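There are two complexes below, and they share chain A, which is joined by chain B in the first and by chain C in the second.
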Partner chain A sequence: MTTQSPSTNGKPKFAMYWAASCGGCEIAVLNIGEKILDVDANFEVAFWPVAMDAKYKDVEAMPDGSILLTLFNGGIRNSENEEIAKLLRRKSQILVAFGSCASEGCIPGLANLSSSNQILDTVYSTVSTDNPQGIRPQHKYAMPEGEIQIPKFYPVLRTLDQVVPVDYYMPGCPPESHQIAAVIDLVIKVLHGEAQLPPKGAVIGAGGSTVCDDCPRKRNVKLIKKFVRIQDLEHIDPELCLLEQGIPCNGPATRSGCGALCPQASAQCIGCYGPADGVVDYGARLVAAFASVIDSNDPEEIEHILDGIPDPTGQFYRFNLAGSLLRAARPAWEG
Partner chain B sequence: MTNNAMNQEPKERIGVHVCHCGSNIAGMVDVEEVARWAGEQLKDRGVVIARDYKFMCSSLGQELIEKDIQEEGLTRVVVAACSPHLHENTFRTACSRAGLNPYLCELVSIREQVSWVHTDRAAATEKSKAVVSGGVERVLYSEPLEPLHVPIHPATLVVGGGIAGIQAALEIADAGFPVILVEREPSIGGHMSQFDKTFPTLDCAACILTPKMVSVGGHPNIQMFTWSEVEKVDGYVGNFTVTIRKKARFVNEELCTGCAICQEKCPKKVIDEVYEAGLGYRKAIYTPFPQAVPKYPVIDKPNCTYFQKGTCKACQKFCPTGAIDFEQQDEWITVQVGNIVLATGYDLFDPRKVTQYGYGRLANVFTSLEFERLTNAAGPTNGNIVLRDGVTVPKTVGIIHCVGSRDRNFNNYCSVICCMQSLKFAHLVHERTGATVYNFYIDMRTAYKEYDEFYQRVLEEGTLFVRGKVAEVTDAARLPGEEGKLIVQVEDTLAGKQRRIPVDMVVLSAAMVPRKDAKEVAHKFGISCNANGWFIEKHPKLDPVATMTEGIFIAGCVQGPKDIPSSVAQGAAAAARVLGRIQQGEIALEPVRASVDQDKCSGCRICNNLCPFNAIIFHEDRMVTEINAALCQGCGTCVAACPAGAISGTVFSNEQIFAQIEGLMRVNFFTEPQSAVA
Partner chain C sequence: MTENFEPTIIGFTCNWCSYRAADLAGTARVKYPPNVRLIRLMCSGRLDPAFVMKALAEGADGVLITGCHPGECHYLEQNYKALRRFLLLRRTLAGMGIEPGRVKLVWASAAEGVRLANEIATMVEEIRALGPLRWPRWHTWNGLFIEEKSRAEGVPA
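For the complex of A and B:
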């Protein structure tokens, strides 16, 4: 890779941005410990609103392609998110969809089940909100001094690659610190000509298999008679696969990379590392997989077993709704 | 992370061939327009020639495709015609004649899925374009495949020694090939051995059955395992490894001469629920009937005094050859076979379920099989038709058809034989007792050779026929003359009135139902049952004895209710299919297969129990799953289930399916809702 990086101190530029996200990804980056010093040693931080003051117009003023690496976290929920995504795409040589929100929508993407009005109702008009005048945010507002604007709220949250072309994806909610460190190491090696970047479109900072592959729990042929919530179980067998104990573990469809943290702590994998390689629709895959191993032919019993999963969207699409084939439910599409 | 099929540059040279199917397709679809459109609009996708023809499947149509392949250098072919079920093979073969790998040909249906189901010509034409476009996108991802050749082991396993299994075994053995026959009961013979007479000719069942049983018993090419069951089946067509459990008989077959002294001396009488249908007794050591094949008895362990109480051994004391062996153990025998015929037959519907007919509650209500035993000269009453008390000859008998058949509460299907079997009973009652006989029927079903003639004969004998579904059989007398009788309450639909008919005896012509364990047996052999439990044939008309699993055939009532002639015909047909296979020496298997990417498989074991053909193997040591290519039939079940996306199916890969969907969308004017980015 050739990198011309017009930079005051000769170091290539680095940027990180947050769109619709919780901030966990930023914390995860800061959490990499002394590795952060390597970032500082090898990069000039050009734009990172969480860590330092910066203005959008400064970024606009940079020549196109002048930022070497941008880690973009968060989904595209409003016009500001979209504008900055497009801006950073233009300015960056390598744009990484960083974390689950940017890659596949994550928790903010679950709002794609509801229309914008339903969302605003929940935020501004429920009993827990003290809003006697029923004030709602307006995109434009006429003030005596003139019209002011806030970013426009879109009806549907989109993943980064649904808005701009993305070079790499880094899954995780948030990505594990050791994986971030490994990716930074790799980029630095590439800078020094010691390594090659993976092909465009690749998933980085994760494994090629699934969480089950890293999970030490013992498995048998799967035959499921019930689904239970983990908190409703008195005793969890510490050795046996959770799914076989009726705990709906998403490990079988989830990309490896975290080291199977949750099942090792006796909690089911909820799927934060996103779909495994070759899985096009994460939730549909899991639905098919779970349904295939239900051990009954009696429609009523099957119905009863399925009642053990009271929130199927939350179970199967917690992280992947915006990135799924359907992307959003009808009320959201209808605005 | 979406499928970008459409952005790919076409590298292939595709031919599109659109069929009129006479007016079948052309009547509703503008086929010329579809071909013209494909030639112009799909050029960027690699279509270099597109044409229509009256009958693509005719030899001229096939030649057209072959010529295009050769002259235009086609690397892919899409035929838009009928269903792949019908002509996929035709067009694939045509491609292969022209030197193109047959799996690079895609048949899309614009007949079953378009012209036959639509009424708007313009819309049907647009849909045909979409379907063609889908086929074109899909075929881009097709891969050349080679069939798998496997050798055929010359031995055959026949499971079930009823008349169907006997016929199959004899046909194959007579042709000079080894047969292994496994029967669960102590003797072969099946249901037919329980009957006295068989409709419509009234031949004596034993007279025509026992010679066949004896032939089986003595046949040099038949190895018989009775009192045995198949425990496990591994392998695939041509190469099955079958484990048979030979249950302990406690009788040494080398020594036993079949003298039956043991049966005479055994003090323990047991109600015979199988052969005598609960009407008669046998001993704890028994052969079900005197002509049993093989002749060796078995000891029924749970009922044997010695096994239960520790003393007795009468049989051993009296056995002149010292054949009784209380120490005998179950044996497991492994055999190799190339093909398998399943002929496990049927069970009789339990008429207790139709509570209003009183079976089990009213003594003189009999099942059809009980009645067969009553009429049998070798049966518990020596062939005398008498009431449950064993002596009283009935003066009136009511025979109720369709008990548990053609009844939404139980089985929707018709059991085929019950009408004829009821007529047979009416005749036998007449002949042996002179009693008045009523037959209560819904519809009289006497199709097939000489069946209706038999009905005419029974009519002429004076049997009374009441058309109507019996509401109830009761012993509660209400009217004079009903005292001490069974009253049959029925709506006589021909006379248009309710009737109460007092009779002495009621016979319930119960349905034929699948064997209790049909589903497990089907699973063991990797075949499927329909919703009722009858084994499913490969094609209901054109392939009635093959199954979807290569090398497994079915014959007789295991496939559905039928009479003896049809069971025999199926036994012979299955044998002919097997013999054809053996003669070929090897078989080419369709390369439509699933396979596991071992790097992606996490060993989650979700798929492990799903394969209807038992093709999935789990390697415990490496924690990965593998698919046995010869066993896999490409059904796709596991492909859909694998949450890791580690399994892919040839011919139905993810890429192919998504590409096909994108192709379909190309014409469907699909647009993403604008509001998404508003």
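For the complex of A and C:
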């Protein structure tokens, strides 16, 4: 690829990058179906490692601000992620934190509960790993030909906006394809002067309210005497609010935009669309919400009911740990 | 390190009872350690768990939540709500590596100035024994390991 300044064919440039992520966001983009042809018709793909060959030095050679739109998915786990985040920030006019990882840390952010050594132990030294010599990755290694390096592993995963300024956030794990298509439609309209971009810092491709507001289940302000794991239930009432059935559902704090797909399928909301508008700390909001449905004023009985949530930190921060007020548990930052 | 360590404790008080208890302690010249910074809420039920997290994330070594005795809430039963939130919050914070003793719930009526002063004094000593929390100031964090040196020397992060 030998892309030079502005564009070889007059079309604005588009980039998509994956940092610490699973690749689901890229699949979600491809899931928009024939809309992807509109992307091709309106944009020149300048850099998209998962879809086409490209070298970082080609991006470095582009003039600053020459990429119109960059969808950045994945958290910042190592020095390579950080370097590319800073590079793409320089080269892009619009940088979107795309998906839950880039917006709030997501599942890779749960590693912020563990120290770097605990993470490496799990990966390289458990019984399921064939590593008889106990080899661990080294940041630097001296070869006869000279020293080689791999990216440095950071103790704490960060969200994209904890590393570089971000223009827009698009939540979801992954973002729903119809929401991606709507955002692409909007950007194309903006290109043709038919629409305006939302204010900087806005959350795009989602609602502002909560999953509960989209959920058709009935809420009776019923109080519960125990929390249950959904897989332990023989019967789930198809109409009653899941939380009121004792199922730990994260809907009350989670941003709308998915269409409440999970609760409609009798599965609890796990919170992949992140905090709703006005939620300062996602987990704190859930602590308040869950505490409100407990039907007891007796400390001992409350403790007993709370035993039904065996891992509250994981329950309340499954997607939001890196983006939360506390960001990382003590073992992670104490090293 | 813990000898000259003065804990910073944020105390949330209820307008109708514990804030008046603190006021009473002051009027009656009951002494208690100056480590606690009191913030008045209308009710312990107003306490958003995010207040506690923000306090701990921004330099507090402990948080004291106070409210009316059970059955005596000015708003009927919001202190029970505070109790339920507190118990769940404490479990959530434990998962983040924050000792349960750093967040405490105490009931104190408007007449219990001495009791509140004693509770504060006890908590200050408990936090002193636990040592500084020293949660990272994330906005100035450089992405690398927290500097061992500043922690060992007891310099505020």
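In this text, the second predicted complex is superposed on the first by the 329 of 335 C-alpha atoms of A that agree within 3 Å, B and C clash if a C-alpha of one lies under 4 Å from a C-alpha of the other, contacts with A are read in each partner's own complex, and residues count from 1 in each chain.
As a working rule, a contact is a pair of C-beta atoms (placed from the backbone, for glycine too) under 8 Å apart; a residue touches a chain by one contact, two chains touch by 3 or more.
In this text, all values refer to a predicted model and were calculated from it rather than measured experimentally.
Placing chain B and chain C on a common chain A by superposition gives a clash between them.
In the superposed model, A:Ala182 makes contact with neither chain B nor chain C. Contacts of A:Leu261 after superposition on the shared chain: neither chain B nor chain C is touched. Legend: residue contacts after superposition of the two complexes on their common chain; A:Leu233 is shown touching neither chain B nor chain C. Contacts of A:Trp333 after superposition: both chain B and chain C are touched. When the two complexes are overlaid on their common chain A, residue A:Ala288 makes contact with chain B and with chain C alike. Once the two complexes are overlaid on the shared chain, A:Asn220 sits against chain B while remaining clear of chain C. Of the two partner chains placed around the shared chain by superposition, chain B is the only one that A:Asp277 touches, whereas chain C remains out of contact.
When the shared chain is aligned, chain C comes close enough to touch A:Phe316, but chain B does not. Of the two partner chains placed around the shared chain by superposition, chain C is the only one that A:Pro299 touches, whereas chain B remains out of contact. The superposed model built on chain A shows that, among 452-460, 524-532 or 650-658, the segment of chain B colliding with chain C is 524-532. In the superposition on the C-alpha atoms of chain A, the part of chain A touched by chain B in one complex and by chain C in the other spans residues 154-156, 158, 280, 285, 288, 292, 327-328, 333-335. Taken together, the chain B residues at the contact with chain A in this complex read 1, 3, 597, 599-610, 618, 637, 640-646, 648, 654, 658, 673, 675-678. Across the complex, chain A meets chain B through its residues 103-104, 154-156, 158, 161, 169, 208-213, 219-223, 241, 243, 251-253, 256, 275-280, 285-286, 288-289, 292-293, 323, 327-328, 333-335. Note for the complex: chain A touches chain C at residues 76, 82, 113, 154-156, 158, 162-163, 280-281, 283-285, 287-288, 290-292, 294, 296-297, 299, 302-303, 306, 309, 311-314, 316, 324-331, 333-335.
Listed in rising order, the residues of chain C touching chain A in the complex are 48-50, 52-54, 56-57, 70, 77, 80-81, 83-85, 87-89, 91-92, 94-98, 135-136, 138, 141, 143-146.
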